[in-house]
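Below are two complexes that have chain A in common, paired first with chain B and then with chain C.
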Partner chain A sequence: MSDLPPRSSVKRWLVTTNHKDVGILYLLTSVFFLVAAGVLALLIRIQLLQSGGTILSGVGYNQVVTAHGFIMIFWFLSPFAFGFANYFVPLQIGADDLAFPRLNAMSYWLYLFSGVLVLGSFFQGATFMGGWTAYAPLNVPAYIPEFGEVGSFATIVALIAFVGSVTIGSVNFLTTIYRMRAKGLRMRDIPLFSISILVTVWMMLFAFAAYLAALIILSSDHLLHTSFFALETGSGPEATDSGSLLWTHLFWFFGHPEVYIVFFPALGALAEMVQTFAGRRLVGRKWFIISMALVGIQSFIVWMHHMFLTSINLEIKTVIMVTTVAISLPFDLMVFSLIYTMIKGKIRWKTPFLFSIGSLVIFIIGGITGVFLGAIVLDYSFRGTYWVVAHFHYVMASSAVILIGAVYYWYPKMTGKMYNEFLGKAHFVTSFIGFNMLYFPMFIVWETPRRVFHYDSGFTPFHLLATAGAFIFAGSFLIMFYNLFASLYSDRHVDESPWAYASSPEWAVSSPPPLDNFPGKPSFASGKLNFLDRAGTDGGAKSETATDGGVATGDETLAPPEEHADHASWWPIMVSSSVLFAGLGISGLSVSYAVWPFALAIPAFIGFLGVEGARQDGFALIHGIYVMVAFPLTVALLILFHLGIGIFEAVGNASPYFWVGLIGSVWGSYTLAGFGYESFEVPEPKMAEQWPFESVENTKLGMWAFIASDIIVFGAFVGAYIFTRFEYGWEAWWHIAEDPSAHTMAGQALEHHPVLPGLINTYLLLASSFTVVLALTAARHKGNYSLGPLTISSRQATLGFLGMTFMGAAGFLVNKGIEWVDLYLHQGWTFGVDVMSSTFYLTTGMHGLHVIIGMLVLLFLIARTYTGAYVGENEDAGTLEYFGLYWHFVDIVWLFLFPLFYIL
Partner chain B sequence: MVGSGAILTSLPGVEAVATLSRTQVDIFSRLFLAFVVLGTTVGVVVISYLMYNAYKYRTDAPDADGKYDVEEETDDDVVRPQLGEIPTSAKGGKKLFLSFGLSAVLVLGLIIYSYSLLLYVEDTGDVEPDMEVNVEGFQFAWAYEYDNGFETTGELVVPNEEVVGLEVSSRDVMHNFGIRGLRAKTDAMPGQTTETWFQADESGEYQAICFELCGSGHSNMREEVLVVPTSVWEQGQENYNFDNPDEFEQWYDQTIDAWKNGEFDDQLEVTN
Partner chain C sequence: MASTKTYTAIFVALMALSTTQAAVEWLGLLEENYWPILGVILVLSSLKAMAVAGWFMHLREEPRSVTYVALTGLVGVLALTAGASYSII
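On to the complex of A and B.
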């Protein structure tokens, strides 16, 4: 940690991986996006001052409405909550940091740069203008005005980068909460805010994976001109029969859990604040937690209640109505639990409590109006009106109101200073009045159509009132900004806890907490929080520090000695910045240039593996080979590039987006290689409560979580394929390709779609799965293998098996390449020629991309093995094992894809 | 504008769906009223109870020295949260489940009641619609095709007090076809057909509005729907053969002209 600069230095904030620093970065950045999206909201309200609009055109209004939704939900609400999660989850569960600090920093920077991309899209002609729901086929270029195509795609790319950030964050929090709790702290014992974060990340892991698949499908329609949502025929665009419904399913499968994803962290914070300021333990805590878990699971089977007016049938509507109503009941229980907690309390009406009770009122109104929507007959009429707008603002903005309360609640902990109570209360009063003036009139004039600036002239006074409320609500935040800023320089110092009856562990440490969080190793083994001496620092003398009012018992064992943990790394921000450039580039690439920046990045990556490897591990032959291979590979690609487009042509004519994309992807190659080689020590948790994952290392658990989410990604692809195929007729499907007139742009019919390449590839992949197991076995083998007269060291054997895995994967890709060239070039069955080709190329292509990524990782592993890692007594072969998990997963996916796309 | 209709129409059970005594307007109004009354009651009760407790158990003790909050008391009979404790529940679980059960019964009752109305709206039983209209949305208007084959992208003209069945689709992006005052609404999706129906019980001018964001002209995507009095429709049927699209077109054009010239002004019950 010696290399972590002080907080006053700018560099500190660029290199930090400390969870508290990252938490503060999240909070500040999300507040910035709150202001951005808030300004957009004010534009909406100004536009609605009179029916017919005031300042915005139709296209402008659609952009503002869309961006307001995207930014508020993705770039403000969730990250705002995760700012607190970053800061307080480790403190609440007794961990020194998150499980993967570097990935945590990367998650933040990806979030920031994805936000830069989405704001930048306004300056690329126009941002996306199809609503945050992005219904198909209005979301594809065929239906987007030409000036908006680049910016629209940039928005989608930004969302993909954001999903990357979310997935990394989810994996990180899951691993941390399961593996790094203080001794004695069972899962059910962790504070409610941390529990709510746990439920949230479980939902995020799966919901965002489905969204990622949807976004990739959409991107492929943009970039590769596939035709999931619309065919671009000679006589103009033609929507596919399946696309519109497909998108609503994919989107809402994500979109409904997302509602709880933004609400749950706030709910957890609310429970903590009510408990603290009521001075009473939560009533029915166990049932509160069970309710949250239930909602988390159920959130995945209610999505079709957003689709009651689509062509889904009555039976499905009935099932979904039941699940929807059922999901409201756990919320009833949670609200009652919070209210009953106040009885016989010692309630102090401090600012955080005011926000808590205000948000409860708001949430109760939002919940009741939501039950209206659960009655399908009412929903039919509410669809697309301000009833929906008012309802979801009462629910979602109530989570914002709770989190504002949480700012006041935790501000003294994070800064060591107390905010000004009077200004805090003034903020609450103005914001509560503004909020209700803004949203309540929307219930009264609910017949205003959503995302429309025309309404009955009789509604005008109510819309005027709402606009006035919007400005009061917005203005109230200025009070908060002033209060929090000025209080930083006040002399109202606080010690550990300014609040009576605060019970969670973050209040037991100084404000702000020290870099490594706790004065000693936290433990609950005695039934109460204790800090054990970190042994090895003072010769093992046993002394104990009791917490406020607590009596420390002396019969606990010493904590194990602390290992050195790293806190600073440049790589997270650098890797993420490459995503910014590559994303910016990809947004404006034309289809003929699309693949090249990324193809050229592959030899660059191999070369950088050699260079970085030589720098970190000392030069070895393998590094030389990598660098030497990179050159001819680059030349080969350039020749292909010349044949395809023409180098001189490209130098003269390629758009700036091409060069930005190329720079971004090459920079990404370099930074990923650097990230991989950097030695960054994070000790495995010792003396921690780890049920139910005691026997699984952090990284393996992380890998499992990642694969779980990737299963959903492929599940969504396969689901999209099966759905589309059913819409066209399961057997009639093959005729799409055979009949040039049936929903296809092909001039000629597809002659044959061979099965053999797929079959050969199945064998190749299965064999490579076997060799990767052998590589791990060899790495853990003690001593040499003797094979007749030959003696093979276990290192050589490991290298051999890794090499064979690589060759198997390479064979897979070559075989696939031959198949694709035949289908694409010789038979003219291009990506977008019909919906069947789109599903085939994209799904198997995504799998192929996984194979390529696996091969690049293999190259890294081979180099590391060659220079001494993984094999032998003192080396940990875990990394090989984790890669093996990934590789088996890729193989298993193929076992599903092969029959689905080649045989059935 | 909000159609009140026959709010007091009795509500037969599901099996009694033989005649279309209730329009979508009736059903919506009645159900909405029930929900508003119950929802407001529940909301007022719960919020009042919340505020009552929050106020009753307030503590006004001044900030203690060095603290920004009250001193903790542990000498009363209630167990207070303590710093660093392993959290447990407070008492009150029974009451919690009682109120939870109560709310569940209330919500389930409301939903079962509304479900019976859904079945009615979804399946009009043996009653065939008096006329069918195919609606196709496109950027940024509606195209209608009557069952006699007549097509128009102008106003929808239908008779009062007759059941009109709609089959709705789209020729480009997703729209949502809704006639606000008649409570007919359904998605218009390319490649899919959805159905709904309505029955006006007041003649007049209504608006067919797009309720799903569909592009730059979405805000202006609204067209007139003219519900003509039964007498006007019947008179037309006497003078023209409504099964013939050309004759129907003549009547349609005349009717639109007459309406625009204000000839119906004293006959229409609902005007914009």
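On to the complex of A and C.
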């Protein structure tokens, strides 16, 4: 914990955990990526000035198109919306901050550094070239030119880091919106923007988890040479490229909800702006919200409309066509509700409203042209043409246009200054003309093939028009940048609200709002927003604290909570920066062959746990042991390293990736230990509306949300296995091994039909689950245990059970190690021998990784228990319970892996 | 939280069910009657998972809404697996 410097200091922006600061950081960074991806778009348009291209090579064009898609969708659109979400959700629901402010800062820094990774990939030979959909098999090494391998893999690593940021953010917002609402604010009364964010984070939590699984499998195809996405089954005319099909399933299961993930925050902002500038409440508000929730659910059962031209069967295509058409119905309802609100209200034609109505026109065009694509027969003609390109730019860019409107809408709130209305309107007019000039011609020359810069030369005038439109559209943003910048220094001061009919709570506080948001404790209990005296409401007798994964110091009782809330920490940026270095190192694995730096992270982490523990809790024996254990472990790894590839030669010839990877993993070990040990106070409000999670503490709800997303990650691995096995022939699976020509090695693996190692590991994991429960019971036990003549304190018992859990996990890994060494080394059943080995090693390996992570956390918990935490009347055993949830979940996963991979 | 006695009983049951799953394979029942036994084995795994989630993870004592959070993830992934697998049958 450190103090929060003033906003004029650079340090403030590096250490801040305040939601408004983080929101501003998100907004500025995403605008940077908008400009980057916008420049790429201009390059595309210049290339398309004539058929056959003008300035880019084929390889260059592929990179530009791919990166434009990735950066616009991931690094601009969503983070731009979440900049607003960060700033306004707590204000709208009457919370002081998000539930986990440090994790919120970490989301931001992970986002930024993942973006640095993806931009950096251009300079690592070449960035990924296979389009933002990354269709298989163009996403696997065999189909990527050698000079592009490192950069392509760097792109994948960047995406994984980005998903990490998104998942942390989703968990944070879910917990905040459910648990931190001001008194009297029922779920249905939450302002529409915050409601839209709630629906969005639910979708994000699940959709991005599926994408994470797909990316991890893809990484395994790159690094371990497993064969998931390049897989072809059968031969001759019967052959299907089931690997490509698997990718499209996983990708679009994520990809379709992603469209709404991008669109919904904008939709929420649109609803707010329409209400404000029409001067009335949204017509059919309740149905608007129900529609949003319905679309959120439906979005997960329409993904195969992106696969009408693959070999999936006609029955499923028909089902999907129906669900796809059905999903447009709630959208119609929402659009009508917005239009009807405008008709019933009295419109004030301010800049934000111009953008709102403009975006609605754009969205309607995009929506209607999309219904064409949803019809199987029409899709046969439209797929892979500029009809698709025009359609999804109308949809995606309509959310960008809404959010630009939202910039004007909320700018006065965030800065305390009013923008220039004339320049705002000028921006709208130029951008609306530019936008339609850019994209509408694409509908007319829709027969232009997508992702290719060769087209019918008769189309040239239309492409010329589109390029001109692109420059007008891009230029219009200069007006905005100037306006916003100049207005910052103007004297057009704003009080609470510049809008006569703005009704959501953020307009009830000063502009910009103070650090702790409200002049008193916000409450809706009387039916409207008012502010109560803080000291009288919470932080009085007893305030609970959430520790955000860190350590609570449990002795604050009397003073108001805002004096305790911490707002600054160096650890989020430091942990995230280690991801940048480690990610760079990993991206070079195919040329550096350097897994060793990453193995060294484990002893480094143990050592740093000892050092940080001694610094924070005072030196104790356990810290000494950790440091002492770290050394021989390091030496043992170095010896293995030497025996494996020869340490002196390897280090002498090491590529830069080796060193960057080494720095990243050691830095990561240190910063994670520091993050865990930092004492960071976040008061959990005593007086808040928390339906339907009243009795579930913030951290516990966060943990469950995380577990729900991890269910999708593991489920997607298992799903990939089941899909591949069905494709191969479910019952013929084990006979892969009996095909002597192709799979002699696997034949031997089959001889040892491996139920026993699986069963032993099941026993070990179940036992370790049991001991975690006992550890928690002991921690909450009052007084000592007496076993005959022996007296054992509850602390000793807790330590003993935690130690046993650790040993159970270690036994699990040793047993797994023996099994893997036998299969891999002795029987030559390597990762990529066949589909069976690929699915086996990846799925059980990812599970093993969860076990290892759990063991490292256990070491932290053991040290903390040893030095006095968690056990006893004044200590909170919550952290042990939350760890237990994670550990039992890992256990449950194994309960299914065991039969699926060892018995059936 | 339940009593230590309950936890122990759950633990013993979990171990026994796991042994049953392996025994089914060892006794050769699976080869004789593949699909019904596959069903039995997966039902046993689900029972075990429910026991761990219900007692060890205390879902029985939490508000039902917490269970729904986890179930939503499960339903999502079942939709993915079933949809994808059905699409190629």
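Note that in this section the second predicted complex is superposed on the first by the 840 of 904 C-alpha atoms of A that agree within 3 Å, B and C clash if a C-alpha of one lies under 4 Å from a C-alpha of the other, contacts with A are read in each partner's own complex, and residues count from 1 in each chain.
Definition applied: a residue touches a chain if its C-beta (ideal position, glycine included) is under 8 Å from a C-beta of that chain, and two chains touch if they have at least 3 such contacts.
None of these values were measured; they are calculated from a predicted model.
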item	value
Touching partner for A:F524 - first (chain B), second (chain C), both, neither	first
Partner chain in contact with A:I903 - chain B first, chain C second, else both or neither	second
Which superposed partner A:L759 touches (first chain B, second chain C, both, neither)	second
First (chain B), second (chain C), both or neither touched by A:F471	neither
Partner chain in contact with A:R780 - chain B first, chain C second, else both or neither	second
Contacts of A:F680 with chain B and chain C, given as first, second, both or neither	neither
Chain B versus chain C, judged by how many residues of chain A each one touches	B
Which superposed partner A:L245 touches (first chain B, second chain C, both, neither)	both
Contacts of A:S311 with chain B and chain C, given as first, second, both or neither	both
Shared chain A contacts, counted only where both chain B and chain C touch the same residue	240, 242, 245, 311, 727
Sites on chain C touched by chain A in the complex	1, 4, 7-8, 11, 14-15, 18-19, 21-22, 24-26, 30, 34, 38, 41-42, 44-45, 48-49, 52-53, 55-58, 62-63, 65-66, 69-70, 72-74, 76-81, 83-89
Touching residues (chain side chain A, partner chain C) in the complex	202, 206, 209-210, 240, 242, 245-246, 249-250, 253, 300-301, 303-304, 307, 311-313, 316, 692-696, 701, 704-705, 707-712, 715-716, 718-719, 722-723, 726-727, 731, 753, 755-756, 758-759, 762-763, 766-767, 769-770, 772-774, 776-777, 780, 881, 884-885, 888-889, 891-892, 895-896, 898-899, 903-904
Residue ranges of chain A in contact with chain B within the complex	53, 57-59, 61-62, 65, 129-131, 133, 135-138, 143, 145, 184-185, 189, 191-192, 237, 239-245, 275-276, 278-287, 309-311, 314, 317-318, 321, 325, 328-329, 332-333, 335-337, 339-350, 357, 360-361, 364-365, 368-369, 371-372, 374-378, 380-381, 383-385, 412, 418, 421, 447, 449-454, 456, 458, 492, 494-495, 497-503, 505, 507-508, 524, 527-530, 547-550, 727
Residues of chain B touching chain A in the complex	1-2, 27-28, 31-32, 35, 39, 42-43, 46-47, 49-51, 53-54, 57-59, 66-73, 78-93, 95-97, 99-100, 103-104, 107-108, 110-111, 114-115, 117-119, 121-123, 139, 170-174, 176, 178, 180, 183, 185-187, 189-194, 196, 209-220, 222
